[in-house]
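Here come two complexes built around chain A, the first alongside chain B, the second alongside chain C.
Entry: the complex of A and B
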């Protein structure tokens, strides 16, 4: 187990280092950042001064070492547009994004699990076919377009829910959140549903195939023969066994929810870090882009690491196949 | 050819059998027909659209934001309404489909080629080369495609060539991983040994003998990935970091309609999105069926 954790940590470290190198060469070598910082009518001297101030006159390896030092200290410079520390801006916006991603994850389980269970236990029921058709559609639907349609239906036509923003927020334990007011939930529901859509389809599929497989197993037959109620068989015996893969996949998908929130946040004007990234891309605000990428990569690597270690603790086969490759 | 087992072209009877198995699923046939219709409409756009939406002489600003079915100044009925510039939406969608499909297919073909070559090299060469290639694949696949694409367009800038490049980078790893998997199995088979002992070069062995036998899963991946690429391009364009206004794909059309959405003029965003959805669904239906038909484990 220890060997596995160490190997997995080394792998995670490799990914982070690779991303640091890629991001450095991506942002610092392709194109000259100086031209984005100086006004259009700057003189040659002014350009040179900016170049010196930011250290762009140094050789590439020196710049890389400086960059590495900055990354280690979690410092990515000041945003060109906002003028304040890039990492500070990102961390400020992070709770909003995590709140959205978490709400989407909960929605995916609450909606997807019962539907998938039903479709898996009664595969020939007409409703099961309907559920599967919906889940195929869920995979095909472009997220951003569904977002527009949700706004169209619930905000413009029916007027039930607000279309933009986060609503009033409260500070709980030092974190700004909209989870503790009805108005906050009203604002959260549409974007969370939009973000959850793909994951709902995923959970339906995973649960369905898991339930179909599990219901044929001997332990289920035995439980039935023992005379246990169907409710207990499903709730305890089947659900317990199919939860492991579902929890693992969802853990890994949390990172992708954070990444996809760029789209959802833009549509619903949700003030998270995804929206911040998009604005940074449109204005070529390098420190913000670099900071966002590093924060998200770190988030990803950490999530993958935790899920992998947890999974290998639950299922020893993972460790064994890992050591063979 | 002396080594008949690696003959990549199936006999006539084999194709007929394949087609018959495909046709067993009515929904998949519907998907295929739908896909044909969509591609045909995109190809024939200049001939069947009632208006060339990008010919300034044909577009009248007085026709702007008309609801579906309204009559244009020129007398034809605008089936799906018009956009903010007075362009007939149905025509814009046909032209937009061409761009969306071109980007999707072109990036798919390039990514497939790159992924095939690297996947085959990894499987055949083994050792350090394999480790290097597969580590890059793992790195790529551990990050979500939308994030990688966003970062790439942030670095590369706008433009159709840059979007295609970004989509290729996002997709190639799926092909490489799949091809490596099947090539590893194929490499140990006897016909490869036979080809080698006949004195054929490594390149010939890999590309003429191993490659054709790895294509079945690649075809399935290609359908799914092309649908994904089309959707991703639309997403990037919608966000304003994809194709510019001069290359109005479906995503650009949807983005243009966004501002009218809150005032209830839903059709400007709705219909291009519907076209996008139908395209993706059609491709996915075909891909799903191909997966079932080409999977030897499910063979009756």
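Entry: the complex of A and C
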């Protein structure tokens, strides 16, 4: 187990290094950030001045080495635009994004699991066909369009929920969160639902096919032959088996929730990392972009590790060993 | 004769599929006396499992029991609600399946699966249920049952898993156990051990057995009586010695001839030509007619009537195998 974790961390380290190198040179190729930083009427003199200050006059490999040196000293660079630590800026915004992604994940399970279970256990019921049709819509409608429709319906027409921004936050255990007030939830619901849409469809499909397959297994027939109630058979025998793929897939999808939140955060003006990234890209704010990538890759790796551990906890046939890759 | 534990009368279970009605079981009658072992034999697809599941009330759509009666200790099971059947299943009526690799839930521990079987029918504490599980495991010959109880199925061998399934089936001392080819998936030495074990346990607790198999050798060693199934019907039944020594139906005769060791040394092993007919399109007369070497003109006219002899001997054949050939 320990060997497994160490191996995973080593892998993660190389992934982070590779991603950082790629993104660093990638943003270098895209454009010269100087033009974003100087006023439109700046003289050549002023431009060169800024170049020197930020080290853009150096060849790219020198810039990279300087960057590496900074990293080794625990300094990940300052945002060109904000002037403060890039990682600091990202970490400030991270709770908002994680909160959004987590809420979306919970919605995906709370809505997707019962619907999928129903569709899987009663495949011929008309409601099951309806559920599957909705899940196809969920897969095919573009997120931003659904987001706009949600705002139109619930905020503009019905006026039930606020359209933008995050509700009042408070600091709980050092993390800023809006989960502990009704107003916070009112702000969170629409963006979370919007972000969850794709995952709800995914959970419905996974649960349905899992339940269908499991209900045909001999162990279900044997459980029935023991005289168990349908509730116990579905709630324990079937659910415990289908939770394995669902937890695995959803865990891995959590990373993509964080990544996809860029779109949702933009539509709902949610003050998270995604919105920050979009602004950083528009302004070629390289330290911020590189920092974002590092944070997200680390997040992915951590999630994968947790999923692997959870997976082995759920499926007794899998035991994590050092030799497993 | 004592009242039978199980009396199946004219049972018909059909599957209403898109391609038509599959008459998997069509007019099956037999009885099982208390403590008796009935061997139910027949080729693959002859309707043995469907018969077993019909008795358990575990036929799912598109299948349905269309007619007939199944009485357990005199009480009618056909037409009962699901909740009423649930009270019977696992308590007075139990079933063991063919593949022990598939019958235990892979993600639940053995203790969970055994304790829930106890608690499905008896309101007892977890501690009491656990004790019962330990006893049951010990009874089927699992060493250090206390420790093994918290293992997962994949930590057991096939034979051990089947023992666990048998322990679960026996846990409420049912009046009848339906065993659907429970040793077919195991290797031969384990097979005979388990066979002996089940025989002993059932004899001890007075549990009757319906042992489904396509292996006549197993039937010869285990069963008191045998029923031979072909294409959804029982074509011959009677005491094991009578049927095996002197088969009357050409199909039974063929089955016996195809068992190695049963055939006379030097005599060629007999093969039944052809294969099981499609249950959707059975010939109008005797279902075995296309494969039968003794078929005569009248066999095609209508289903052969049931001929009944003494001691429960019965067969459906117009031109039965004469004594001199049967040997």
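We adopt the following convention: the second predicted complex is superposed on the first by the 249 of 325 C-alpha atoms of A that agree within 3 Å, B and C clash if a C-alpha of one lies under 4 Å from a C-alpha of the other, contacts with A are read in each partner's own complex, and residues count from 1 in each chain.
Just so it is clear, a contact is a pair of C-beta atoms (placed from the backbone, for glycine too) under 8 Å apart; a residue touches a chain by one contact, two chains touch by 3 or more.
Bear in mind the structure is a predicted one, so any value in this text is a computation, not a measurement.
When both complexes are superposed on chain A, chain B and chain C end up sitting side by side without clashing.
Of the two partner chains, neither chain B nor chain C is touched by A:107. By the touch criterion defined above, A:273 lies against neither chain B nor chain C after alignment on the C-alpha atoms of chain A. Counting the residues of chain A that each partner touches, chain B and chain C differ, and the larger count belongs to B.
In the superposition on chain A, A:225 contacts chain C only, with no contact to chain B.
When the shared chain is aligned, chain C comes close enough to touch A:237, but chain B does not.
Once the two complexes are laid over each other on the shared chain, residue contacts for A:263 go to chain B alone; chain C is not touched.
Of the two partner chains placed by the overlay, only chain B lies in contact with A:152; chain C stays clear of it.
In the superposition on chain A, contact is made by A:140 with chain B only, not with chain C. Annotation: superposed on chain A, chain B and chain C show a minimal Cα-Cα gap of 14 Å. Overlap of the chain B and chain C contact sets on chain A: empty, with no shared residue. Here chain A touches chain C in the complex through residues 217-219, 221-229, 232, 236-237, 240-241, 244, 314-317, going by the rule given at the top. Against chain A, in their complex, chain C makes its touches with residues 56, 58, 86-91, 94-95, 97, 99, 102-109, 112, 116-117, 120-121, 152, 154, 165, 168.
Residues of chain A touching chain B in their complex: 14-15, 18-19, 26-27, 30-31, 136-137, 139-145, 148-149, 151-152, 155-157, 163, 255-256, 259-260, 262-263, 266, 277-278, 280-282, 284, 289, 293, 296-297, 300, 304. Within the complex formed with chain A, the residues of chain B that make contact are 135, 139, 142-144, 146-147, 150-151, 153-155, 227, 231, 234-235, 238-241, 254, 258, 261-262, 264, 266, 269-270, 273, 276-277, 280-281, 284, 288.
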